[in-house]
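Chains: A, B, C, D, E and F, in written order; residue numbering restarts at 1 for each.
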Amino acid sequence: MYTDLPEAQLRSHLSTQADPADFDEFWAGTLAETRRHPLAVTVQRVDAGISTLDVFDVTFAGYVGQPIKAWLRVPAGATGPLPTIVQFHGYGRGRGQAFENLLWASAGYAHFDMDLRGQGWGGSTGDTPDEGGSGPQAPGFLTRGIESKENYYYRRLYTDAVRAVEAARSLDLVDADRVGVMGTSQGGGIALAVAGLVPDIAAVVARVPFLCDFARASVITDAMPYRELGVYLATNRPRTAAVHDVLSYFDGVNFAKRARAPLTVTAALMDPICPPSTVFGAFNNYAGPKEITVWPYNGHEGGAWEDDALALRAFGSALA
Amino acid sequence: MYTDLPEAQLRSHLSTQADPADFDEFWAGTLAETRRHPLAVTVQRVDAGISTLDVFDVTFAGYVGQPIKAWLRVPAGATGPLPTIVQFHGYGRGRGQAFENLLWASAGYAHFDMDLRGQGWGGSTGDTPDEGGSGPQAPGFLTRGIESKENYYYRRLYTDAVRAVEAARSLDLVDADRVGVMGTSQGGGIALAVAGLVPDIAAVVARVPFLCDFARASVITDAMPYRELGVYLATNRPRTAAVHDVLSYFDGVNFAKRARAPLTVTAALMDPICPPSTVFGAFNNYAGPKEITVWPYNGHEGGAWEDDALALRAFGSALA
Amino acid sequence: MYTDLPEAQLRSHLSTQADPADFDEFWAGTLAETRRHPLAVTVQRVDAGISTLDVFDVTFAGYVGQPIKAWLRVPAGATGPLPTIVQFHGYGRGRGQAFENLLWASAGYAHFDMDLRGQGWGGSTGDTPDEGGSGPQAPGFLTRGIESKENYYYRRLYTDAVRAVEAARSLDLVDADRVGVMGTSQGGGIALAVAGLVPDIAAVVARVPFLCDFARASVITDAMPYRELGVYLATNRPRTAAVHDVLSYFDGVNFAKRARAPLTVTAALMDPICPPSTVFGAFNNYAGPKEITVWPYNGHEGGAWEDDALALRAFGSALA
Amino acid sequence: MYTDLPEAQLRSHLSTQADPADFDEFWAGTLAETRRHPLAVTVQRVDAGISTLDVFDVTFAGYVGQPIKAWLRVPAGATGPLPTIVQFHGYGRGRGQAFENLLWASAGYAHFDMDLRGQGWGGSTGDTPDEGGSGPQAPGFLTRGIESKENYYYRRLYTDAVRAVEAARSLDLVDADRVGVMGTSQGGGIALAVAGLVPDIAAVVARVPFLCDFARASVITDAMPYRELGVYLATNRPRTAAVHDVLSYFDGVNFAKRARAPLTVTAALMDPICPPSTVFGAFNNYAGPKEITVWPYNGHEGGAWEDDALALRAFGSALA
Amino acid sequence: MYTDLPEAQLRSHLSTQADPADFDEFWAGTLAETRRHPLAVTVQRVDAGISTLDVFDVTFAGYVGQPIKAWLRVPAGATGPLPTIVQFHGYGRGRGQAFENLLWASAGYAHFDMDLRGQGWGGSTGDTPDEGGSGPQAPGFLTRGIESKENYYYRRLYTDAVRAVEAARSLDLVDADRVGVMGTSQGGGIALAVAGLVPDIAAVVARVPFLCDFARASVITDAMPYRELGVYLATNRPRTAAVHDVLSYFDGVNFAKRARAPLTVTAALMDPICPPSTVFGAFNNYAGPKEITVWPYNGHEGGAWEDDALALRAFGSALA
Amino acid sequence: MYTDLPEAQLRSHLSTQADPADFDEFWAGTLAETRRHPLAVTVQRVDAGISTLDVFDVTFAGYVGQPIKAWLRVPAGATGPLPTIVQFHGYGRGRGQAFENLLWASAGYAHFDMDLRGQGWGGSTGDTPDEGGSGPQAPGFLTRGIESKENYYYRRLYTDAVRAVEAARSLDLVDADRVGVMGTSQGGGIALAVAGLVPDIAAVVARVPFLCDFARASVITDAMPYRELGVYLATNRPRTAAVHDVLSYFDGVNFAKRARAPLTVTAALMDPICPPSTVFGAFNNYAGPKEITVWPYNGHEGGAWEDDALALRAFGSALA
């Protein structure tokens, strides 16, 4: 059953999420601080048992220089520069194995598959620790460091993602003018953040994106991981306003206003995890060219292989 | 938590499933009837948007000549004959899209990816109807045609699978001496059936296989789809013995006794869908060389990418 | 809790379900094709162990002449012609046993209790197979044959139901001018279809009817069996419009517009299986005399014995 | 899945439930106290709208003379004396409507259908209050009056049931030598109690009986209503031994040892509400002729219509 | 997620609950009848193992003189007269142990902690029986005696509560001019009733109160114990209007109109047990000075320790 | 229902958990490293609104000197030295508010109520951050830092707890010879660890303790938080042995062997969160004087107020 508004109302739904006054300043400062550290990209060929692709183990310097892992996959023997897709994973997932996730390189792209710090339990493993403690928090990542915007987990993760684009662009195999970003769920939210922080991305694909309109999401669904916010706030009532202030610096609705790259988004009307009004909250604010596909009978799996086909078409057009 | 016996007891667990006296006769007759129909293999190149692979749309004559679809994927430009993996899907899944399921061909195999008649709702679509009605049945495929062994759905499906191996072997791209079969869950059960019915298969990989020891499975788990049997029998009590008689012709435990190809099996100790004792019931009966990997903390997802790695090693060794 | 709109809104709720242009042509053709087959009614007295009733095992020719079973129950020694109730069962139920379902004949009616092809797992057994295969479908009957209106399961079942009325009327025990139809849930949906297809039915009782306003039902509840549509469409997204086109030929909302017999309907405000707005969608479109009873604190059990009492009153008045 | 021991172990399972020393004295005193009150049976013909049966509204004096309602149904025009079935209902159910529950009279029996004091919410209504308060208790009837055996609810209810047999036997329509008792679930437990308290009952049918081996039942299932005991004891820990002492006066295991009438019992291996070992605990102790039917794939619905057929056979044989 | 209306709508939400014409007469008569019995207060010092408090076991005459238990706790050595809090517990809870519930006396109040007749399973024990039987009812207390307003359980319980205030005021340790009442959930509902029935209460604290706007509550949530009403009415449909008439004499919405003491209320937007619109239904009707605190991310736990702090502030101000 | 072995088997149940060879060395090193930092205890009187107690806000140096918060509560005006209870909280809970948790000081003890680093969402707030990052982990604390015994979260937390005892003993209000430790669930596991690490504790109370026999717990229950281990290992299969090696340094079974203080333990037979066999695994290994109370009808709430009474008796005897 529908988990949210009907499609007609979604089309005109406006999020109430407002910008904090120093949003741009906060992010400019954050990125500047990290960019003081060299990118330090290393690339190591691995034997993934895949004859049709070359796979490389990549390390680069993310937030304040902390080392972040990634896979780079390209068609076997490719020398570049190739159109490139930088991918961010869903909540709980790491970069996984070298021989997983073959579609994008098999379709002819350089595929830069970034690991997510501290994640790697939800089906695919991770290889990157999250350096940084936390005040009292609920289980999970949504309240890790929620005591301040400076300590918040997603400050580190979004910065890693911006650096992943920079690391990809530094490689000979990558055509720096033809780099798109993509992700599903949390990965879609990160892609939107990168779109708002990196001005010259060529294309953005955000599938059933997470991390959009936290204030609404946290009261219209009981599904994890948005529910982590409610778990925390049910006990930490006096911090409610402070928490929403921190979150406003990381909300896809606010990044959307700053983005200019062509955007492809999907939303699913039966999705309890990333309810479609939170997706439309970002989409309707998005400042660049954009299209959204709505799946009426899907939950958080969204369009699945049809979302893959949409992404191939979007990148085929934008990175051609 | 464990859903079944601890591993030490599983190692020595013997299924009580017995052979019906005319088991071999039934299957010999079934295959002979179908083999009176020509294989009628057609192969059509499709544009799957994958530059590293060639993908073909295949049709062949399955049970009593009914047309069955498949994908054939090979490394781009391959001319064969290649070592080949024939794959059967899990319950509810069809062959899906041409650009899905890229691992096996990317690893250098000809990958023959058979569609499942009447299935195609559980995440991947199907293109093959199931011709044949049914007496009163519960929702699903496990009681479709349960009124007799002749009308039972899996008679048709197992026969399709035997014919898929024959169809694959008829192709120039395929090295007929190096054909293995593989599947997960229902696909693993089908692989075991093929192993019992086709004497010269080179390797069998059955991951958390379904369709083994129906009598035990139907009373030790409430998870679908084994539960379909209980749903049917809760109302159709007088047919209990007759149903178990029908099922005995389709039980992986009985096929295992007749198989000779090297077998790789996995089982998961927290799997409620295909409880590990039902898997060991088949494995401990298996007449050929065999190895089993037990995943202690997994449910029906089993080893996932580690099961892929196991399969790549098994086929790498057996089809070399 | 309420599962749908409050009663005041239900009273004026209009379904958006529209007629396909060839709705009447489709059904005229369907019935004509079947009527080319003789009714072939056979009636066999059985010993049901009931001293107050006579019970007969009936067979008649349903869709394209396929044999359909029924029970006929009448007060012991009755010679007719009697006022008659033709009953259709809920989803999953067959005609059951000869000694079940005694109310209607005990109240003085001839009770023609039709079996449902292929059903018979949900508490009462069935004796009638469903001849006819299916394209890929989800478990259950709601997507069996959904690939086209010609192959759809409910085309066969509704035709059986029309023929059941014709078979009943052919019997000496039955007064052909005093035949009512009745059903609960799926049976209620079938009764509405018969009311739209058979012009001279004397009374219709549809209790918490199923099979009404599929488009709305499939998005406002997660309960089976409407949920079968969502299960199918979640994977088969490209078929969404085609599926709704097929369903429009079988929607109680459309049959209601064509019916003229006095109608008694019930709806329950806490019913998640047949949400009341789908019932009102049909009721508010119904073209004949009609009354509806709303049960505020009931789920899909509806009025239960009070629905029986309503039906006895309705038939007592209409078939007197 | 099985909710309890496998059948082979059930066959030899012995309950640990012991008799309290003054069990017989307690019940002799209880019945003597009530029998000081006249039976005060009144019988009033009602118009139930059923032409094949005559239905009467009966009132008799139950526990300490409190008035208890019942229905009496007989074949229309019967004058008796008839073989008679006294029926007790399941937990939560009252005697319901005059036109419900037609099987037994339709099969030729006088059917004495006793109301249950204070019950009447679970699908059928009741017309009899429960006079008598309670100490602190959990919701439901299993801990009502649990503070002492004298105040316990089932003391009143079992006494009502004994008086129901006496009331039935006082009627001209009833053949006092051919009276059987029957019930499902709670009704089955009451039937066992009556069998232990009334020496000359002609037959007992107890279907998936409740109220047997409370000590075991309360720790092997979480299903209501046995769970009511755990709900109460989780807070009232210091009363654990006292509660089990009270319950021992009402346990079907103890009544079974005192019964002599031919017994027909059913048990279901997937029943979480009345787990089969609790049924076998009573059955294996039963002192009279006995047979048990085990349904392997059923839950608490047990054999349903097959249990009806069993009962008709049992009464047909014992009351002939 | 929110379980009810958003806060802005709650602020202006008006319950449709109306007064029965003889509401005041009913309660005047009820209290007068009970006040014919002497209060019969007894106070017995107990050794609770608490060195900082003195604890007394209190008995007083409640409804029609039936004995009701309570604890009285005061700072060790206090001689009074003290400002006093009379507390009523939540559904299922009794007064518990002498050494529980220490906050209020530790903060300097006389704490009169009333037991609830017949309750005492939900975490804290009770010592007071409920004398009085019931017609057919669903498990629990919400339909006990629902056959008439005279027999309804809450008539007895509310009367006990009024008498508890009178009993407290009769004690030397208590300053009769500085008595407040307090409760959470059911206790909050009782506090509202006392506020409507006792004109000179000094302060009322009702936290996430239960027993408000039964008509709305019973259709907007499935959570127990409001759901008990639906369980009863699902079978007892013909009694629906009569039940709502009985309940109108016990509805916090109606007591609120008659209350004058300063009120502190809390409501939680994610509360399924006492949905916030039912709380606002009473609050918006409340005739005295009032304030409400809304917890956006809490369920039925409400503000927990923050509700304690609110109560301490409210009593500190009103009872100073 | 019972969630684990019956009591008779629990009494003799032996855990298979073995000591790592360098267990003592690891802990000696860990504590030595921390003890290089001064205790740095600060004590600040706060106004908690409690007239019968004095409450102090305490800070001390925990693991590697990181500041840890605590409350100290004593009877108002006490000057000491008092017998003292150091308490550790359950999973998810922080030290909460100054006016909570009044029993122990009200009973005459100095009550040292330690905050738990990084926790504070499950009903009571926390004021202490957890400094230290983590490799990939599942949500929650059970796999935080699981990549090595050096980085594991519980290394920090257990060390804080040892330091809490040292900090308490440093205070004038505390009699250093009469210090007991106590906790429920996680707090009970911490108490056992402290008992194994601090030789001269006077008494230990561990109620339904967590953190015992991880290897068994992680396969016999699906309840959080033990389930966190399975969540992590379901994806991180290759780390299974390494994880169990890390956990062996933190297992209550191993601490129990080293403890000498009198122990009071409780276990509940219906506890899915800390199954009783894991509790008995530690208890049966415990090297000091010990007693265990088993609650047959309780879940993880255990004995609740009866566990409080047990603790008061145990401390009353051991700290007298």
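Here are a few things to note about the model shown:
Operating definition for what follows: contacts are C-beta pairs under 8 Å (C-beta built on N, C-alpha and C of every residue); 3 or more make two chains touch, one makes a residue touch a chain.
Chain-to-protein mapping (UniProt): A, B, C, D, E, F = Cephalosporin-C deacetylase.
Just so it is clear, the model here is predicted, and its values are computed rather than measured.
Of all chains in the assembly, those touching subunit D and also subunit F are B, E.
Of all residue numbers seen at the subunit D-subunit E contact, over half occur in both copies; the interface is built from largely matching residues.
The chain with its Cα centre farthest from the Cα centre of subunit B is E.
Chain centres were defined as the mean of their Cα atoms; on that basis the chain farthest from subunit D turns out to be A. With centres taken as mean Cα positions, subunit E sits 50 Å from subunit A.
Centres computed as Cα averages put subunit B at a distance of 63 Å from subunit E. Residue positions 123-124, 234, 301 of subunit E each touch two or more of the other chains.
Touching pairs of chains, sorted by label, consist of A-B, A-C, A-E, A-F, B-C, B-D, B-F, C-D, C-E, D-E, D-F, E-F.
Residues 1-2, 269-270, 295-299, 301, 303, 306 of subunit B are the ones touching subunit F in the complex.
On the side of subunit E, the complex with subunit F involves touching residues 49-53, 75-76, 96-97, 99-100, 102-103, 105-108, 123-124, 301, 304-305, 308-309, 312. Within the complex, the subunit B residues that touch subunit C are 92, 94, 118-141, 143, 147, 228, 231-232, 234-236.
Listing the residues of subunit E that touch subunit C in their complex gives 218-222, 229-230, 233-234, 237-238, 240.
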